[in-house]
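These are the structures, in structure tokens.
The same subunit A turns up in both complexes below, where it pairs with subunit B and then with subunit C.
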Partner chain A sequence: MTSETLLEIRSLTVKYRTRVREVKALDGVNLQVATGEIVALVGESACGKSTLGLSIIGLLPQPPAVVESGEILFAGRDLLRLRESQIAAFRGTRISMIFQEPMSSLDPVYRVGDLIAEAIDVREKRKVTRPFGPFEMTNPAYKDGRDGGFKRVFGVRNPRSNRKRAYSAEVVEALRKVQIADPAKTQEKYPHELSGGMAQRVMIAQALIEGPSLLIADEPTSALDVTTQAEVLNLMRSLRDEIGASIIFITHDLAVAAQIADRVAVMYAGDIVELANVGDLFRQPQHPYTEGLINSFPRQFKDEGGLEAIPGEVPDYHTQIVGCKFNPRCRYALDRCRVAQPDLIEVRPSQKAACFLRYPE
Partner chain B sequence: MSEILVVEDLVKYFPLGSSGFFDRLRGREVPKVHAVDGVTFSLRQDETLGLVGESGSGKTTLGRAVLMLDPPTEGKVLFEGQLISELKGEELRQIRKRMQIVFQNPNSSLDPRARVKDIISEPLHAFKEFDKGSVNETLLRVMEAVNLPEDSLTKLPHEFSGGQKQRIAIARALVLNPRFIVLDEPTSALDSSIQAQILNLLRRLQDEYNLSYLFITHNVGVVKYMADRLAVMYSGKIVEVAKTRDVVERPLHPYTIALIASAPRLEPERKTGEIPLTGEIPSAVNPPNGCRFNPRCAYAEELCRTKEPELREIVTGRFSACHFAERFLSSHLPRAENGSPDVG
Partner chain C sequence: MASKKFLFIFDRQESLVTLSILRSSVVTTAGLVVVIGFLVTSLVLWLTNDAILPYNPSAITSAVLQPPSLAHIFGTDSLGRDVFSRVLAAAPIDARVPIAVLSIAVSLGVLTGTVAGYFGGWIEEVIMRVTDIFLAFPGIVLALAIAAALGPNINNSILALTPVWWPFYTRLVRGETLSVKSQQYVEASRASGHKSRYIAIHHIIPNILPITLVYATLDFGTVIIVFSVLSFVGVGAQPPTPEWGLMTLNEAQYLTSAPWLPLIPAFVILLVAVGFSLLGDGLRDALDPKVRSLFG
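Take a look at the complex of A and B:
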């Protein structure tokens, strides 16, 4: 299964630092993502899954976030050592991100066609040489578009007036690729006229324009209805097969991870506590937290007995836990768990867990 | 089992914008959102009726309408044999003691500046249902019922986690000893490990306090675990009602089939396949002619585009609003859950 590694995260530690306190959001996280692989990051609120996603694409709000240590190797380069201008060259091109709320991520004043065309335009502009300064576009795409007098008045070409016409074929193609039934009609709509599922497809279409090799999807289906969610999940799977991009899929829903992922990383309070192939993880969970999550997933009927809930609460940012962070909620906890923190060790090939119970004697 | 709640032909429209004076003079009809459009169901004593459907299908509106929080436009609501949709003022207020609601997001349903003790005792004060000595006793009793420590009474909501806040909201609903509680997505805002705790708590309380629940959710797994009977809503109508097991395992309406099939399963070997659904959720302002589901239905025929189907009993205890529901009785369809071993 393991082809070449596209992304490698090595002992990444991220803290959020404010004047009054310091909170460790990620605590030495290691993760590898192979080319064409879908890795799901699963965990409850405040476990660090979004922080991990944002650090990869260089969108962590710094301050308050501070990267304490670690490396994020993408295509052989450490993203954390790059200057902002260098990261910007990766962001949106080699690495793209889609967010939970499609409605709030799409600019409400532009039509769908313009939103897609803008992404194409950014890509095309990068290719263009500009011999006579910024106003002289030699991009062939601009030749057929008319300006409507915009240049006469403002002295600059109006990029928006042309974009849609110049790129219309590609816009339609991009929308068709994300299975929008009527691209010609949809590109004339504004975001508020779209349903949640359609808006999320437009987001995905935007993210795919540059042909990224890594797509980070942060809860992309959590705001959608189940029927739409199933469609978007199917779409993302088929896109992966088509374009061969790797996907990091962040979700709080274990069942969604089961549906989409090749490998699953279960996170708890800033650590990856279990990392395994999706089949192994659900068949034989090795970490008590994973086991608890699976057991607390409602799937039986009312008359078929109760659910086994994990006791206690999800630790929030100001609780300091000594030892394994799951020990206060763990029913197998040993004395050792209250003192030291277990490492993520290989329990068997392609399955790792951070639990003392799995340590060899 | 006697019926605690009977709802007949309940309709709730929301007018769109204000109806202009001149519009009314000209007799022009104001466009309205058909949020709930002719719903009939009943809830038995000690029973949980699940109400599932996607966003915009009218489940929350229905929940609020049966409590008379948003009085229905038309239709009857009978609670414990009393026609409450005709009641007003003090009479209605007295009925409210016996019916309660728990909302989705405890962060917004609890007053951030009130102490837990005040939040939970407010219903008691509102109904003057106490003598001074017994208030504390009642508070401690409900706090124990929802597994919150006694010292939480003097704390403020922000000192609690999401799950604990939902426990407080449940305690507030319990304090007047209601018979019937509307649970409007009570676990949707919670983490998955906490969701199971709250679901178990609600089931235990139902047994201890002999409660009847109307459980509103979009999560098929949750409703399966909670409900005795299940009603599926689509575009303001109930399209299928039956015992939960029947609805989940042998659905009799194409929308239910799609809904059950698209719920993600925990087994990675069983991927959600193609969903037999096309198109978009219809507009609630101008619902489509005929069956409301026909534009998205994989099985739609000419009749579906012209005639609106009634909710009718297909087999004893199993109701469906599909002209062709009988077809789904035979098992030529892929069974949605625990069905054929389609491992692949």
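Take a look at the complex of A and C:
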């Protein structure tokens, strides 16, 4: 990596603990994300992708989730050591997240403009500094306020000082940035009037207006049809180029990962099994699981006589597998694979895999 | 954030939208007319202290049990009092009790219900067990007991009726909060950096408020009726006071000889209760974003 590291995850282990059983969702995951980089997390359902995303932003449902060990270093601070109020101060302005279902991620009672204004509000409030006791030093830009200051009535912000009007120009600009055709009209709409693609754009606008340096996108395109998907992916790439934020892109779809990512981390049963630049990964997959994923994927102009499925299925979390977790499904499995677990080692520069087949002799 | 807007009363544009939706349906308009008529009459009579009534509602005369005529539109009762004046004079009292009871019950219910549903844990346990205690008594018995203990007057009736109503709102609001809380937009709001209190105020409450308000309008008539029962038993409004329930029940013995005496106040109660129900129904539509977007 040439540019500096923004996020570093070190041997993160997360378990879901219920009264009857305990399952390991993440098993010592290591991952680095550089500034301005797009990393795709790819894997089948329930391989720990979303758990990883949620633990970075501190939104793991605890309980049942328990972070057993590890560190998440973001801009030099370990997010796991922070108190809830401290990590809440990171959300939105430093780390943002967008979700899979764009429709249900927008509060149905507010108009689009209000939803964006709400995000601006978080950002503006964070600029407020409170140096001493009862005195409140307010950021001048926020205070005199684009609508002539927020008058307080009995200590409550005067609802008639219409902040939507105050932020209107910025809201329109944000909507234009995510390539919404008619921003002035769209900001007056309710979420249910939007199409899936539009709603996802609004979510992206909401997440990016706070100016985060890391965006976690949890399957943001899975609910969209293919053409809209491509548009949203292009949009995200161009926004990344524009504002230089890093993106962790969670998806189960290799094609999507190929379109958007700089690097891809393939996850299997709570482990990263392969981590490589996107080109290398597709040209020369090093882990049998990655190979299986690629082979099970339809390709144009290449008649291979049908698609290959990976035999077997993702292991049930309660069954403990000894050795490499992929070994029951692996066609190359060695004796060694059934005994010990391989580490993620560098196979070639910029390509790592966790497989004994790739171990130097 | 910008949108206190949805609380349709604060914003001119949004309240116009609400009004145009309400007026688009004939039955809702009828309900709206009844409710506004009732509230305006009450307010005017309260402000003028009954000075504009044709007769003194408490003046006893010798012209007893007169049938409706031009001089006495609704006739006179067994003590020769003008029924029309008495029906009107009762409006401020019959508005005051349900408005007070329901505002307290709804505020308390929204507050405790949201806290219980959103924060959960021991605080939820405490709040819900307290509502269980209140719900364990039959409503009317509880109200009678409190009213009897406090002494018969209208303010005490309010104090007696509120404990009967608030636990229902707490339960309703808690249930709604639980379902709103699991929505993705709550998670999204948290991810964009908002704190629990902000989310409770800006996402949970606006989403549960419409159904709560609809419930409150539907309850309006019931509160009047239960208040009337308190008056009838003698622990609510006291006899010379004009009050619809009291008038209906006291004059019930004249049902065959002078049927207008019990029927007119009974009909007025019915009218107001139905008016509020119709308005509540319309309000539910008007507060639904899907309907709102059709009206601009």
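Quick note on the criterion: the second predicted complex is superposed on the first by the 323 of 361 C-alpha atoms of A that agree within 3 Å, B and C clash if a C-alpha of one lies under 4 Å from a C-alpha of the other, contacts with A are read in each partner's own complex, and residues count from 1 in each chain.
Convention: a residue touches a chain if its C-beta (ideal position, glycine included) is under 8 Å from a C-beta of that chain, and two chains touch if they have at least 3 such contacts.
Keep in mind the model is a prediction, meaning the values are calculated, not measured.
Upon superposition of the two complexes on subunit A, no clash is found between subunit B and subunit C, which fit side by side. Looking at the shared chain after the overlay, A:358 reaches neither subunit B nor subunit C.
When the two structures are aligned on the shared chain, A:308 is found in touch with subunit B, with no touch to subunit C. Contacts of A:49 after superposition: neither subunit B nor subunit C is touched. After overlaying the two complexes on the shared chain, residue contacts for A:325 are found with neither subunit B nor subunit C. By the touch criterion defined above, A:292 lies against subunit B but remains apart from subunit C after alignment on the C-alpha atoms of chain A. Contacts of A:201 after superposition: neither subunit B nor subunit C is touched. Shared-chain residue A:91: touches subunit C; no touch with subunit B. The angle formed at subunit A by the C-alpha centres of subunit B and subunit C is 80 degrees to the nearest 10. Fitting both structures onto chain A leaves subunit B and subunit C with a minimum C-alpha separation of 14 Å. Across the superposed pair, subunit B and subunit C touch subunit A at no common residue.
On the subunit B side of its complex with subunit A, the touching residues are 48, 54-55, 161-164, 191-197, 199-200, 203, 218-222, 224-228, 244-245, 248, 258-259, 261-269, 271-272, 274-275, 277-281. Chain contact summary for the complex, subunit C toward subunit A: residues 1-7, 10-11, 183-185, 187-195, 202-203, 206-207, 289-290, 292-293. Considering their complex, residues 44-45, 181, 195-196, 198, 225-231, 233-234, 252-256, 258-259, 261, 278-279, 282, 292-294, 296-302, 306-311, 313-314, 316, 329 of subunit A touch subunit B. Partner subunit C is touched in their complex by these residues of subunit A: 57, 59, 88-93, 96-99, 101, 104-111, 113-114, 117-119, 121-122, 126, 159-160, 162-167, 189-193, 203, 206-207, 210.
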